[in-house]
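What follows is a short report on a single structure.
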Amino acid sequence: MASYDRAITVFSPDGQLLQVQYAQEAVRRGSAVVGVRGANCVVLAVEKKMVPQLQVDRTEKKIVILDDHIAMGFAGVRADARVLVSRAQIECQSYRLTVDDAVTIDYISRYIAGIMQQHTQNNGRRPFGVSYIIGGFDSDGPHIFQTEPSGTYYEWKACCTGRGEKTVREYLEKNYSADKVSSEHDTIKLAVRSLMEVQYGEKELEVAVLRKSAPLSILTKEAVNSYMADSQKEKEEAQK
Amino acid sequence: MASYDRAITVFSPDGQLLQVQYAQEAVRRGSAVVGVRGANCVVLAVEKKMVPQLQVDRTEKKIVILDDHIAMGFAGVRADARVLVSRAQIECQSYRLTVDDAVTIDYISRYIAGIMQQHTQNNGRRPFGVSYIIGGFDSDGPHIFQTEPSGTYYEWKACCTGRGEKTVREYLEKNYSADKVSSEHDTIKLAVRSLMEVQYGEKELEVAVLRKSAPLSILTKEAVNSYMADSQKEKEEAQK
Amino acid sequence: MASYDRAITVFSPDGQLLQVQYAQEAVRRGSAVVGVRGANCVVLAVEKKMVPQLQVDRTEKKIVILDDHIAMGFAGVRADARVLVSRAQIECQSYRLTVDDAVTIDYISRYIAGIMQQHTQNNGRRPFGVSYIIGGFDSDGPHIFQTEPSGTYYEWKACCTGRGEKTVREYLEKNYSADKVSSEHDTIKLAVRSLMEVQYGEKELEVAVLRKSAPLSILTKEAVNSYMADSQKEKEEAQK
Amino acid sequence: MASYDRAITVFSPDGQLLQVQYAQEAVRRGSAVVGVRGANCVVLAVEKKMVPQLQVDRTEKKIVILDDHIAMGFAGVRADARVLVSRAQIECQSYRLTVDDAVTIDYISRYIAGIMQQHTQNNGRRPFGVSYIIGGFDSDGPHIFQTEPSGTYYEWKACCTGRGEKTVREYLEKNYSADKVSSEHDTIKLAVRSLMEVQYGEKELEVAVLRKSAPLSILTKEAVNSYMADSQKEKEEAQK
Amino acid sequence: MASYDRAITVFSPDGQLLQVQYAQEAVRRGSAVVGVRGANCVVLAVEKKMVPQLQVDRTEKKIVILDDHIAMGFAGVRADARVLVSRAQIECQSYRLTVDDAVTIDYISRYIAGIMQQHTQNNGRRPFGVSYIIGGFDSDGPHIFQTEPSGTYYEWKACCTGRGEKTVREYLEKNYSADKVSSEHDTIKLAVRSLMEVQYGEKELEVAVLRKSAPLSILTKEAVNSYMADSQKEKEEAQK
Amino acid sequence: MASYDRAITVFSPDGQLLQVQYAQEAVRRGSAVVGVRGANCVVLAVEKKMVPQLQVDRTEKKIVILDDHIAMGFAGVRADARVLVSRAQIECQSYRLTVDDAVTIDYISRYIAGIMQQHTQNNGRRPFGVSYIIGGFDSDGPHIFQTEPSGTYYEWKACCTGRGEKTVREYLEKNYSADKVSSEHDTIKLAVRSLMEVQYGEKELEVAVLRKSAPLSILTKEAVNSYMADSQKEKEEAQK
Amino acid sequence: MASYDRAITVFSPDGQLLQVQYAQEAVRRGSAVVGVRGANCVVLAVEKKMVPQLQVDRTEKKIVILDDHIAMGFAGVRADARVLVSRAQIECQSYRLTVDDAVTIDYISRYIAGIMQQHTQNNGRRPFGVSYIIGGFDSDGPHIFQTEPSGTYYEWKACCTGRGEKTVREYLEKNYSADKVSSEHDTIKLAVRSLMEVQYGEKELEVAVLRKSAPLSILTKEAVNSYMADSQKEKEEAQK
């Protein structure tokens, strides 16, 4: 099957676009990202890859702001991610100027996914090796979308991508319920707890919360650690 | 034969365009879609792929509206599908502005198929891995068309594409008759029943009905379930 | 010889353009088409491929009108065929506007063949996998032309292309004479009879007749069936 | 040596352009063409390939008029030939308009050869698989030129190309003399007789004569047959 | 895996961009570069490759000034490095003219990384085989960033790239602390000492210091040698 | 080494441009050309390839005039040669119009060589398979230059290219001296005699003489034959 | 490793650009060039390849003038060299017109190296197979730079390139000192002597001297021979 995967523009005999699948593999190698839609908030939590000791945290951010009301986490090729972040930010501004209104989460997700699709069909370009979880508030409340290298996008109540995606998703599916995300605290807890499912040594997380008509708030390290400790305890108890 | 299928612009020695056939394979991997033309309605029914538990239904829609009087279901590469949906929607609007009339189902199907053909003949592009069933009302009544990755399109009384296409088509051919689609209820029943032919575990369907000079109506889950239950019963009886 | 046929722009060591030959193969896989020039008419007859039961005949048409006085049948890749049909129709209109006269059958055939040739010499495009039989009335009477994927075109008294081309042509060569096409009825009979040579199960034909200064007339199913029955009888008698 | 002939733009290690040679092979597969320069005329004679019985002769013409005083025969890929014929005809008209004089045979031959050379040096195009014999009258009398796929062109007293080129040329070299072409009749006879050297079954020839300040005259079938009969007799006598 | 690394635009089956990794290899072959952020200064130290005896030092500079307040060292393909240096210098000037303010270190690092990313996704270009350490003063104090061939960039307290990167980084991680970089002297010492970890024969270093609102100062050879002697002594003592 | 010669733009591991060498091979297959600079003249002599018996000499010319004072002979691919001849002739005229002076032999040689070099470095084009000997008079006397497929050019007192180049050059080197080219007659003799070194059957030569401020003069056949006879005699005597 | 060197735009797995290395090999095959910076002069000396006996020296020049104050020698592909010489000469003039000052040696070297780098990173072009030694006078005295196919450039006190580069460089390193280049005579001697290190049969050298505010002076053959004789003597004595 080797010969079908060298050019992005061809189908394999069984109807697959292999380059897109390989790009998905690049996503799977990225760090885990979780998005959970609470009753009154959107929580994005990202597992930070072992930041080298001397690196300054600030540039290692995996959660970026697209517009006042939209934030986004990603898994996959970091440099690819930045390209689409820039274009999405510009689109948000440009939309505001043209339409005199903010983009909806759906709109900007479709916009990003559209660019990603083009990179799977036009020759001379490789797909983007990145998957985004986009969360924010529209006039009708909180929303979370996810895009994939193929250019598909879906809305979710809670979703995850990157390393250990399957494990995290299974946890979320077992544990997500309207009850569990009724308060902001519980929503954060669920997000953090789900990422604890993918264990490896010491873990560092970045957690962001979006509230209606409020700027993005990034949890302090202490707050995150507290949530992590709780989650750890809960997990250990559950294992007993 | 391996060497003929790597570039989309060449024929194999027996006169085949293999890339187009592989794209058709991508369609065959998609979920099943059925379109049935009733006496006074057009029914589109789509088998929904096992929506992940936490996904929001809304973005999983496989039936989209092109214009007030035209809806469309598809099977195949989801992100490819969206590209043509956008272009078709724009064409519908643009046609309305230019000609001051609505497009016919035939016109918009030909338009979509034309773009699909271009992608089978120009270098540097792969074919679209998607097949559409397009239904709507022209001034002379209901119509259903189907397009394929090769860029061909046909009009049908009832048609299907995607997973299990052969089985569903055989059912439709045996059971479609003017009688059976004289009422809207029977038309829906036929569409739903035909999709029941392709069995796998629990099934979820999305069913849309177009009536003359009325907006597209998507059946409620309850309605769909009721039709499915009826169909199931009927099927079991038939098997006895 | 494998290595010479992957790119359309190269000759094989024995001076062949293999891609053009493979495109011809695609024509040979198409349904049979016959064109017969009568004394006062042009008859085009096309074998219809087993139309699926629920398909609406209308879009399965293999005979299309280019201009008031010109019709055209084709064999080969259906979606390719449509591209050239559109361009030829536009050329007919545009010619009328510019020259204030109708195109001749020769002119429009050369026009179509020219585009086909370009696709055999310019890189990045594959040849058209289609062959046309173009019939119509010029001021000097009826004409029939045929184009091929290589971009050649010829005028014929009677010709055929597609499946079983050799058999049908042999029949026509044995049976065509000025006498046999003196009346419209006999001309149609010859066209239908020649297609009966290529037997496979039940057959459906589409037959079109062009008369001087009259719109294209498509025979009714009953008329066609009657001609077919006659032909069948004649054939059986001949075989005795 | 296989690897040097797939792209037209490269030399083989022994300094050959293989694609050009293969195109020459396509010429060699074409029907035989002869041009003979008489004292007061130019004769072009072309062996017509077995015209299918029902084909209309007119489009099978292998001798075309470029301008009032120039005609041209060709061997090789028919559809390629037409492309250059069109461009040469336009150049003839355009030259007349610009310079207010007719092109010389040398000029238009160089023009055609120039386009043919470009197709041997620019990437993405294959050479033309065609060779022309161009005859006509300049102010200083009759001229015959020949062009080849490589883009070379030469002037000849008598020349031939296509099938059996070597045999025909040898005949011409043995038999051409100022005496033998002093009258138009003898010039035609020489041209026809030389083509009789390449025997295969029944033969059909197309013969054209250009005289000073007179339109091209195509011999009637009877005239050609008469010349052929004479030639045949002569040949048989010679063989005794 | 060989087949995935020849074109820069494709992913390997495990989601890697091999060309980017090979470019990183080119960086690893370059000379070692260190950047250390002090309390009040930024120190860049570069190991100079054995300058040929007769070469004039001046052009062997591995530390270049982008703007009054920003300097940059690099490891990897020298000629590639120069291309981005020029573009970055122009951007610095252009930014000043447009915004009437100096670029931030973050801004210019992102700018450089952006160009580098483009070279990993667009066909027909190879990635840049170079990694930069960019240091300077923003209004909020000193900053050091590093860019990589993939187009990623990070901020660091102290970082290194090129030959022996791992060894140097480990030294820096063990020895960097706020204390150790409180004075300019100590900061320089740490930078020089860390480069001493990668031993090979006699070594020559180039050391540059950026202070707030002061032009870049390049240490004299004597000064560097003195720091190196101290470092050497310290190292030997440590080894005892 | 096979893999380095298929694309013109790459070096082989030992630093060679193989396509250029193969083009040189095409030159070596061409007929021999000699240029000799006399005291008051420039002589170009070309071995004419066995002109087919019926070919008209005129188009077989291997010596062409670029400008009143410059002539040029060539060896190699004839159709390639013509392309550069045209461009050089145009440049000569254009230079005259712009600068109001004639081009120097050096200038036009550099011009031709420049185009030839471009064809060795830009993708999508093959080198020219031709070598020119360019002779003429500048204000300071006669000059002879030679260009090669690589795009190099040199000035010579006497030079040769094409078939048997080595043999002819050795003869020239042994026999060229200021004495031997003091008169026009001796210069012609030397040129003709040197070509006699490359023996094959009967030979035909084309000899052109350029004198200061006089048009190019082509020797008559008789004159050439006389020189050839003398040379032959001399050669035979020398061999005794 | 074969597969990494066919396209110029890719890295090999160990981070090398093989095409650039092969171009360097082309330089190594060129004749030796030496540049020595004296106290008050710049000396360029080039080993002339065995000039064919009848070639006119003038076009074999390996030392060219870029501007009044800058000269340049080169090793490698001659036709490539000329391309950059032309562009550099134009840049010198253009700079003078724009800035109203002469270019510095550094500026024009960077300019040339910049073009060379572009040819190592953009697809569809091969690197330049040439290395330059550029010498001249800036306001601050004499300078010598060297450029390489990779696009790197350095300033030197004395440098060499081409055949036997290593041997010559070693000689220069052992013998260059401020004393030995204090006078013009000694500087020339050093340059000539160093080239004598690479022995092969009889040798011919071209030596050029640049003095402050004086035109380039090319040594006469006699002068060069005298220097060579002295060097030879010195060398023989040294060997005793």
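Side notes on the structure shown:
Per-chain numbering from 1; labels A, B, C, D, E, F and G assigned in written order.
Going forward, contacts are C-beta pairs under 8 Å (C-beta built on N, C-alpha and C of every residue); 3 or more make two chains touch, one makes a residue touch a chain.
A quick note: this is a predicted structure, and the numbers were derived from the prediction, not measured.
A separation of 71 Å divides the Cα centre of chain A from that of chain F. Chain C and chain F have Cα centroids lying 57 Å from one another.
Centres computed as Cα averages put chain A at a distance of 32 Å from chain B.
For chain G, residues that reach two or more other chains under the stated contact definition are 7, 123-124. Contacts between chains close into a ring here, every chain touching precisely two others. The assembly's chains link up in one ring whose order, counted from chain E toward chain G, is E, G, F, D, C, B, A.
Only residues 2, 5-8, 18-19, 22-29, 52-56, 58-60, 77-80, 82-83, 86, 123-129 of chain C touch chain B when the two sit together in their complex. Residues 3-4, 7-17, 106, 110, 113-114, 116-117, 120-124, 143, 145, 150-159, 169, 172-173, 176 of chain D touch chain F in their complex.
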